[in-house]
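One chain, chain A, links the two complexes that follow: it is found with chain B in the first and with chain C in the second.
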Partner chain A sequence: MNYFELFGLEADFSIDLTSLATTYQALQKTVHPDRFAHSSSQDQMLAVQKSSQINDAYQTLKNPVKRGEYLLQLRNTELPEEQSTFQDVDFLMVQMELREMLAEIKFAKDIDTALMSAEETLDIQSRQLWQEFEQLLGQHSDTANQQAGEVLRKLKFYQKLYIELERIEDTLFDD
Partner chain B sequence: MALLQIAEPGQSTVPHQHRLAAGIDLGTTNSLVASVQSGLPKTLTDAEGRDILPSIVSYQQDKILVGDSAKALAIEDPQNTIVSAKRLLGRSLADIKQKYPNLPYTFSGNEDHPSIATVQGDINPVQVSSEVLSTLVERAKQALGGDLEGVVITVPAYFDDAQRQSTKDAATLAGVKVLRLLNEPTAAAVAYGLDSAQEGVIAVYDLGGGTFDISILRLNKGVFEVLSTGGDSALGGDDFDNAIVDYLVSEFELQRPLSHQLERQLLEQACRAKELLSSQDSVEVVINHQQQTLTLELSKATLNELIMPLVSKTLRACRRALKDAGVSTSDVHEVVMVGGSTRVPLVREQVGDYFKRQPLTSIDPDKVVAIGAAIQADVLAGNKPDSEMLLLDVTPLSLGLETMGGLVEKIIPRNSTIPVAKAQEFTTFKDGQTAMAVHVLQGERELVEDCRSLARFELRGIPAMAAGAAHIRVTFKVDADGLLSVSAMEKSTGVEASIEVKPSFGLEEGDIIKMLKESVTHAKGDIQARMLKEQQVEAARVVEAVQAAVQQDGNALLTDDELAAIENALAQLTKISQTSDIAQIEQAIKDVDTITASFAERRMDSSIKTALAGHSVDEV
Partner chain C sequence: MAYSDKVIDHYENPRNVGSFDKNDPKVATGMVGAPACGDVMKLQLKIDDKGIIEDAKFKTYGCGSAIASSSLVTEWVKGKSIEEAAEIKNTAIAEELALPPVKIHCSILAEDAIKAAIDDYRAKNKE
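So, the complex of A and B:
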């Protein structure tokens, strides 16, 4: 059973997160080790396995990047390796500019505005990539899947930028 | 869905019986035990009507004292009277000496497994905790009138693997079954959550004597899902006292170092002043020093000024926890206050302001954790077949492995819902390498030296291959108690090594059996008898569970042949469990397990399908 099937879903990128959460809780109510606290050790072990599997499935389906990767794996698409060199020079230039933008936040006159505008820039750019990703997935061809994998790789760069932004926010407010 | 819970009372194979279970708050300073009786959770008292048991154990020539009687000896006989053993659990000697340089004990044993030398010989902190547990379990047996099915023991959310394992070891020593180790903030949420049937996001703010925990939970139809947890393991009410002491020292113009006696006096006065200022605006502090009487009027405003930086620090941890949970203060429906230090008005005010709502304080903050643990114990023992309650907790700290260059590769990130299993592949870095060292670490930092070392083991017998050709899969599993086990396997050859992460600190393998044999509590009962009883109880549990499963799903999921084989194995087990042959009983249990393995799996899958169809098995 793949993770989508485990949650009774079609293998589709767009999913309803609220109903995902509801299904998750219903499943855990059935298999969680707490339900087997006074059962035999075999049942307890089985419960730990199933419950771990459901947790892993939920974490994968809940997060769009992980869900995207998982879906591409189900389609037998080979994902670009993390370590392989990145060909898209224009994209890398944009990334460097974005890094600079983040690094300069702490020197801004109005830090709140700088933080907000940085977040907006990231939002706009990553939203475009997500649209591109979904559109490619919809084509159901090997070439499109391959390209979707590349887009997903770009989106991971944005994920890292968001993490960096949060880190900056944390350090600025901790002082 | 537990097997026995499904049957209607009328069709049940066994008459419904109330299983005795208790929740234990094993605290640093004080411990409590609580249980659900006639539907209501309450703390259990000793013969003198006291429910709080000071977590103090005094080892005397001819006896071991626990609680108030031990507390009386803390000043007179500090060497043999162990206070706050919880702080020493699962710690190395270097760790202890650095954190608590002024302890009056004489340490013995080795660096990683420190003991305290007493008149009764070397005593491990685990043994001290087990004495406290034994006392509370005994109290519960008396109050409830029988043996306990098991207990839920609470631990700080921030406890690492070594500290959790040590707590469980203490329970084993005390001879009590642990139904679950439960995080203290989660227990507090349960205590409040069930009372008021809340839905939505809850924050639990737990400020004790020495530690601060913040947990963010989402409560939905009886499910408590912990979204994030954070805190500071070295921030608590003791720091409030120290801040006041420092202020007094400077106001009285005293020159440090001061005598232990004077420091003690200052600390006591500081603590008293702090407590009084909860209900009055100012208090007079009086110190007797070198035939002089020093006095000072301490106002609430001054106190607030002194402790404000500490309170702000807790709020920053709250902000981080909210962020980790992906919610904002406006999403928080309720704030639960736990721990004696939340009695300080400034704490309540600041927390209230931060979350923009009045914090919940209706349950005594000293008892709320034990109450929550009792509710969970009642459910886990199987007394609440219709209960919708389920706790989904998380790992507080990331778990990882040492990789090249002294770096830590995280395998399970913090705040992952447990139970969880994750695997990662590694490879050899030298040609012809036949062994690989696995070093397991816990913590958030990138460098090995900044993380907590949990265990080391070696995978040997890897066939010689070119560097990078071997595929070594390392699997981390964290169970519902938050305890880790790690295994490693070379994929092409199937060479395997695994380890129950027996932490580097705490008890060594085999220590428990040795201690059980030596321990006073079990001197009367022979260890063999105890092991036999454990096997017989497990056998009975297996028979009961399989019978109930067959009754419910046998028709739908078993062929006639399978059914006959299962019934045969059960009959065997029932017969053998009457004998006193431990090994044979163990084997018979294994036989039943093997023969029912696929049935158990089919049942689990079928209940998953039922749950997906939108009908919980309890409704069918």
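So, the complex of A and C:
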């Protein structure tokens, strides 16, 4: 049973995160240790295994990049190796500029506005990539799946940028 | 995770941070990135007409190991010919900085940055 099936979902990229969370709680209840207090040790162990599987599935489906990769794996797409170096110069130039934009925030006269406009820039660019990703997924061809994998690699850089933005926000409002 | 003293030294006192004009014909630029951790690295080499690297600068956004790897590389390549610089292996970088296994990819990124810069130089100078 794959992660989507485990959650009673079609293997589709767009999912409702609220109902995913509800299903997760319900599934975890069915394997809660309290329910197996009087069961055989084998059944207890199976419940623990099931619980960890439900957890893995939830963590994968909840995160859009991980969900995208998982979906591509289900389609037998060979994803680029995790550690392999990314060499798209134009894309990396933009990444460099975005990193510089984030590093400049703390020097801005109006920090709130700088934070908001930085977030908006990330939103606009990543939204475009997500649209491209979904459009490629919709084509259901090996080539498109592979291209979708490349788009996901780019989106990982944006995930990192959002984490960095959050970190900057925390340090600016901490003191 | 504990960083080695050498990583901390390069992280706190990075050598040769900055940029050259990438349109200068003597300047070669290598841009590389690591999707797994979102690191972005730019390595620039200033190469004289005998093919010797006279200066190097870097700009890296990433973890301490990525910054240390690129900083170290700028020190190592200076005075080398491009052929010699192309021979620099990530294992030597990782060894010098005592990088733990989970950070080996940072040294690979630095090696790839040298290669990318040399490719850029060759592309710029082929007539």
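Please note the rule applied: the second predicted complex is superposed on the first by the 173 of 175 C-alpha atoms of A that agree within 3 Å, B and C clash if a C-alpha of one lies under 4 Å from a C-alpha of the other, contacts with A are read in each partner's own complex, and residues count from 1 in each chain.
In this section, a contact is a pair of C-beta atoms (placed from the backbone, for glycine too) under 8 Å apart; a residue touches a chain by one contact, two chains touch by 3 or more.
For clarity, every value in this text was computed on a predicted model and none was experimentally measured.
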item: Touching partner for A:Lys156 - first (chain B), second (chain C), both, neither; value: second
item: Touched partner set for A:Glu166, first chain B, second chain C, both or neither; value: first
item: Touching partner for A:Asn55 - first (chain B), second (chain C), both, neither; value: first
item: Contacts of A:Phe86 with chain B and chain C, given as first, second, both or neither; value: second
item: Touching partner for A:Gly8 - first (chain B), second (chain C), both, neither; value: first
item: Which superposed partner A:Arg75 touches (first chain B, second chain C, both, neither); value: neither
item: Chain B versus chain C as contact partner of A:Leu27, first or second or both or neither; value: first
item: Partner chain(s) touched by A:Ser41 [first = chain B, second = chain C, both, neither]; value: first
item: Complex contact set, residues of chain A against chain C; value: 80, 82-83, 85-89, 91-93, 95-96, 99, 153-154, 156-157, 159-161, 163-164
item: Complex contacts: residues of chain A adjacent to chain B; value: 6-8, 23, 25-43, 46-53, 55-56, 58-59, 166, 170, 173-174
item: Footprint of chain A on chain C - complex, ascending; value: 31-38, 40, 42, 59, 61, 105, 108-109, 112, 116
item: List of chain B residues in touch with chain A within their complex; value: 1-5, 19, 149-150, 179-180, 220-221, 223, 225, 316, 319-320, 323, 379-382, 388, 390-392, 416-422, 477, 479-480, 538, 541-542, 545-546, 589, 593, 596-597, 600-601, 604, 607-608, 610-612, 614, 616-617
